[in-house]
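After this come two complexes, each holding subunit A, first together with subunit B and then together with subunit C.
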Partner chain A sequence: MLLVFVLVPLAVEAFWVFWPALQGFYLALTDWDGVSAPRWVGLGNFAELFGDPIFRTSVLNTAIWLVLFGGVSAAGGLGLALLLLRERRGVGFYRAALFTPVVFSLVATALMWQVIYQPDGLANRLLGALGLTGWQHAWLANSSTALYAVLLPALWRQLGYVMVLYLAGLNGIDPVLYEAATLDGANRVQQFRNVTWPQLRSVNAVVLSVIVIDSLRSFDVVWAMTKGGPYHSSELLSTYMYATAFQSLRLGYASALAVVIFVLAFGVIVTYLVRAFREEAS
Partner chain B sequence: MSSALTRRARTAGFHLVAGGLSVLWLLPIALVLLTSVRTFDDIAANGLGAVPRSATLAGFGQAWTDGGEARAMLNSLIVSVPTVLLSLALASAAAFALSRYRIPLRRAIILLMLAGNLLPPQILLVPVFKLTELMGFYDTLPADIVVQLGFGLGFYTFVLQGFMRSIPEEIQQAAVIDGASPTQIFVRIILPLARPALAALSALAFTWTFNDLLWAITVLRTESVMPVTPALLGLQGQFVSNWNVVAAGSVIAAIPTVAVFLRFQRHFISGLALGAVK
Partner chain C sequence: MDNAVLSHWVTTEETRRALPDLARRAAPWLTRRRFLAGMGVAGSAAALAGCATSASSGPVTQSAGAISIQSNLSAPQAKASIEALAKGFSAQHGSPATVNTIASETFRTQLPSYLTSNQPPDLYTWYPGSLLNGYAKKGLLLDVDEAWQTMANYPAAFRTLSGDGAGKLIFVPTSYYWWGFFYRKSNFAKWGVTAPTSWSGLLELCRALQAKGVAPIGLGAGGNTPWVASSWFDYLNIRINGAQYHRQLLAGQSRFDDPRVAKVFEQWRTALPYFDQQGTALSFQEATTSLLQGRTGMMLIGTFFADAAPKDTIPDLDFFQFPVLDASVPLAEEGPTDGFFASSRTAHRADVLAWLKYVATAPAQELYIQNSSGTVLPTNPDARDSGTPLVAKGRAMLAAAKEVTQFFNRDSSDALQPTADAALVRFIQKPTELSSILTGWQAAAEKVFAS
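Take a look at the complex of A and B:
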């Protein structure tokens, strides 16, 4: 009976995750249109990736995304958590306000921000009111602004999430440590450096994994706002992979792109699992 | 006296910064709400960013009926509710066996299941799409259910087994002495004690399933079977530049998750934080 408890869920996951994943790695070595049988091409798809300018753009954009989306949400999330840590009047409202976007779907988020970004929308109107008409753009239709215009709503939604992770971490720090530090005459900066930061080590590890995994998975918000355009200027690996698979119907080449995403995520996945393993053991 | 003054200045500064940020954060939401109650003519004549000069709920009606959001909402519930229930049922069964008994390879199984959830979904998209086609239920809601069920199981199992391990051994031993079977122990003792974790995960799982775009557009194609989140993209295409309808549509799509969040706020937050503190 106990074995059934484990084996049924395991079988479901094996059938819908592990088995397809193995197939994905195999398909990356083939040329396939989804209709006729896959044709073995060895590492041909990966060789093609090297000469593919759109692939290069999407790798670069994914890197930018990782640094900006990841960096700002980590630093900003920690900053917000420190700001809103202490229980005081109004703090519940502030936390709720910053957290609210987390519950919206990224598609709904994208549509909300499209309203702001339209040529006659709020963003341009505010710039106009400030006399900065030269700064006005068709934010999503302009190749040089599209990526950043898409990044902003993603950040708007992610910051509250990272803040909650850090709030939980900060609340878990033993107050005795701060009392001891105060007795030793440590000022606020010293307390942060010598007490808070070292104590946040495990939360930092979680946040780092969440950020890298979320960055590589980021798809919805880009797909809903620009579909990677204009001219692939906001293309990420994830959107390029999806378009290659389901619009160009190049399933083998798309699988190779997916393998690249997997390789980029692999380090983080292993680190996360090692951590989980240690917790299990302790 | 001066220290009281500094404290007051500090408090004012805090509220200024935190309040300012909150306003900034709520601004897009307010803007969408305002846009959703304007008329098309008002937007066309005065511009999207202008101060509203009209108030109507017509946009909501159009999104709900003409835009097909009523049907999309039903599809979303048909997908989300079974996905959440099945996921938590299977995950808690696995978590129970893995956390309360010496199953061979238990640690390897837990980590393997978790690893499956950490995979980038992209590696699964093409094979999963083909698999549902092969099994004859591509473009149907059950396909969306099983795919999300399979992908989420690893995470839910991992979190639940961590929680169940913290339940004291003695409670179970007493039941074993009374001759209770593992199934009885699971249903009568462990599940009720795991309720806080189950509540947190339900709120989270509902939000994730309801907000999903990628799995839905991978295994579904026909407009009429799309859940709300992917259907929003169709709505946007159908009502190009009718921003009042698009705004109303996104407000409608956000209502269920906001409702779950408001109702289960504490569980929701603790669910998000489950992975963070350990």
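Take a look at the complex of A and C:
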């Protein structure tokens, strides 16, 4: 009887998660328009990926995204957490303010930033007021600025999230360690390097996973703001996958893109975790 | 620890210990290894081919109830019109109709899901073309021949347009509209300019407007409406190479890197300096605002833009025809047609056909026009349009055309549209990269045609 508590969730999970995932792998090997029966093409979709210039652009953009989005949010989040760690007057307000963007829906965030980026929007007016008219751009319509213009709102949101993760990690460090370090004459930098950073290892693993997963699945903010345009200049793997699936109705090829995204995310995270566990064991 | 808590702890602890034993008793065959093996079998390719990728078929039980209309008419005035139509239908026919308004982009991407679901919506607003023909081939669309039997007065062209290419009628057209260079009469008067009739006249007008500090040509190919740029491509192509070549090109029978296509862009290039700098940054709705506020002089756009414009500006609107470039090319105009189609899996077949017959009547089309901005033309020849000079001029322009094209995506497919968006927006921003743009467009188009 009690077995039900194990088997029912497992069946639900299998039906709603494993099954569609396996279907995705199967579809990646077919040609499917979403209506008629899928046609088996073997590895044809993956072969096509190699010669696809838009795929190359989106891989490059995803790499840029991963580095900037991941790097800035990790470094910035840690910095903010260190800054806001100690209980001071008004610190709660700052923490809450930085965390607020996480609460907003990304589509709402995108709409707000779209207004900021309008040709006569806040960003350009601000530059104009500073006398920097030469720096004014149609931020989202310009192929050289679109990707970075979309990155900013995504970062704006992620920073608060990573900050909270690090705050939790920093609060978990035993103060005795700092006392000992101080007694041994360690300065602030040495304390950070030899106490804080090693103690944050488990949090770092979580942050890395979160960042890699979040940047590979970054979709809503890009789709809502540029749809990967103009002419694919802000295309990420995720937006290209969506466009291929639901605009071009090439669901087989889109599934192949999804498999690539999965392999990338899984690969990065597993490599890190294996290394982390090995270090811990030795 | 008090007694209640203690006894609770004991029971849970007991259960925990008893669990593995229970499991063995319930399913003695179920070891971990066997279970995993079972999962593996369930995941085999044969099983995978089923389920999510197949659409159900078979006869549908008919039932009573409201018919549902999936509508992509989200502009305020168009939405009010279709809701008025639903009310009119209920009043006349006695059975209700409910309208679900969905943003156009969502509507388009969800269409396959709607049509293949177990209980699809009954009716859909849409346009004829390759997309529908594809669904018709798969048996997803209702044969609407019965409705057409009440439409004997319709011109043959609409009938041809509503076929699935295999002899079946699947569409009921209810309205059509035209494209042109729209402007505000009061603004042209204020600037002391008049509508041109030739390409050189158009460029002259642009120079005059530019001298007055007005961006001559608004575009609206930014935001979520990059497809608006295709109107320029369509018009230049039907003016330079003719409608027949245009259709062949869009059907994949000619190449986008063909010199004839390059000629289209060479012509376009001469007007590019007069395009609004923000042409690819603003959506057509925002570009409409710019036009109405006199920041841009004119805009090549379809009459649907008026559905989002303040009603008091509509009498001030006028348009001129896209200039003829080569008198030897048969005159063609863009005249996109809109209407309804129905799902073959509808549970309200009789009511659905009653709806289609209703919207094809002259009174229903007049009701629609009265509630909208009044800039569309009725497909029923006996229906009166809004009667404004603007509409009379538009109607006359389409009537004089030897050929009528629908629009880029309607003449080709919604899958080809994004390839045009990428190519055209890039051309507008970087006209010097033309040859690589055309090669890229051809490569992208080939993939669409191949799938």
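Please note the rule applied: the second predicted complex is superposed on the first by the 267 of 282 C-alpha atoms of A that agree within 3 Å, B and C clash if a C-alpha of one lies under 4 Å from a C-alpha of the other, contacts with A are read in each partner's own complex, and residues count from 1 in each chain.
In this text, a residue touches a chain if its C-beta (ideal position, glycine included) is under 8 Å from a C-beta of that chain, and two chains touch if they have at least 3 such contacts.
Predicted model, so just to flag it, every value in this text is computed and none were measured.
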Looking at the overlay, does A:Ala276 come into contact with subunit B only (first), subunit C only (second), both, or neither? first
Scan A:Phe246 for contacts with subunit B and subunit C and give back first, second, both or neither. both
In this superposition, which partner touches a larger number of subunit A residues, subunit B or subunit C? B
Just to be sure I read the superposition right, which of the two partners does A:Val176 touch: subunit B = first, subunit C = second, or both, or neither? neither
Quick check on the superposed pair: does A:Leu165 touch subunit B, subunit C, both, or neither? Answer first, second, both or neither. first
Is A:Gly34 touching anything from subunit B or subunit C once the two structures are fitted on A? First, second, both or neither. both
Is A:Pro230 contacted by the first partner subunit B, the second partner subunit C, both or neither? second
I'd like to know which partner A:Val189 touches here: subunit B for first, subunit C for second, both or neither. neither
Touching A:Leu2, do we find subunit B (first), subunit C (second), both, or neither? both
Touching partner for A:Leu130 - first (subunit B), second (subunit C), both, neither: neither
Subunit B/subunit C common contact set on subunit A: 1-3, 6, 18-20, 23, 27, 34, 114, 118, 246
List the residues on subunit B that touch subunit A in their complex, please. 11, 14-15, 17-19, 21-22, 25-26, 28-29, 31-32, 35, 47-50, 90-91, 93-94, 96-98, 101, 103, 107, 109-111, 113-131, 146-147, 149-151, 153-154, 157-158, 162, 181-183, 186, 207, 210-214, 217-218, 229-230, 232-233, 236, 243, 246-247, 249-250, 253-254, 257-258, 260-261, 268-269, 272-273, 275-278
Residue ranges of subunit A in contact with subunit B within the complex: 1-3, 5-6, 8-10, 12-13, 15-21, 23-25, 27, 34, 80, 83-84, 88, 90-91, 93-94, 97-108, 111-116, 118, 120-126, 153, 156, 160-161, 164-169, 171-172, 202-203, 206-207, 213, 216-217, 219-220, 223-224, 237-238, 241-242, 245-246, 251, 254-255, 257-259, 261-262, 265, 269, 272-273, 276-277, 279-281
Contact set on subunit A toward subunit C in their complex: 1-3, 6, 14, 18-20, 22-23, 26-27, 31-38, 48, 53-54, 114, 118-119, 138, 140-143, 227, 229-232, 243, 246-250, 253
Tell me, which parts of subunit C touch subunit A in their complex? 15, 19, 22-23, 26-27, 39, 42-43, 45, 48-49, 51-55, 109, 112-113, 115-116, 134-135, 138, 140, 222-224, 226, 277-278, 280-282, 414-415, 417-418, 421-423, 425-426, 429, 440, 443-444, 447-448, 451
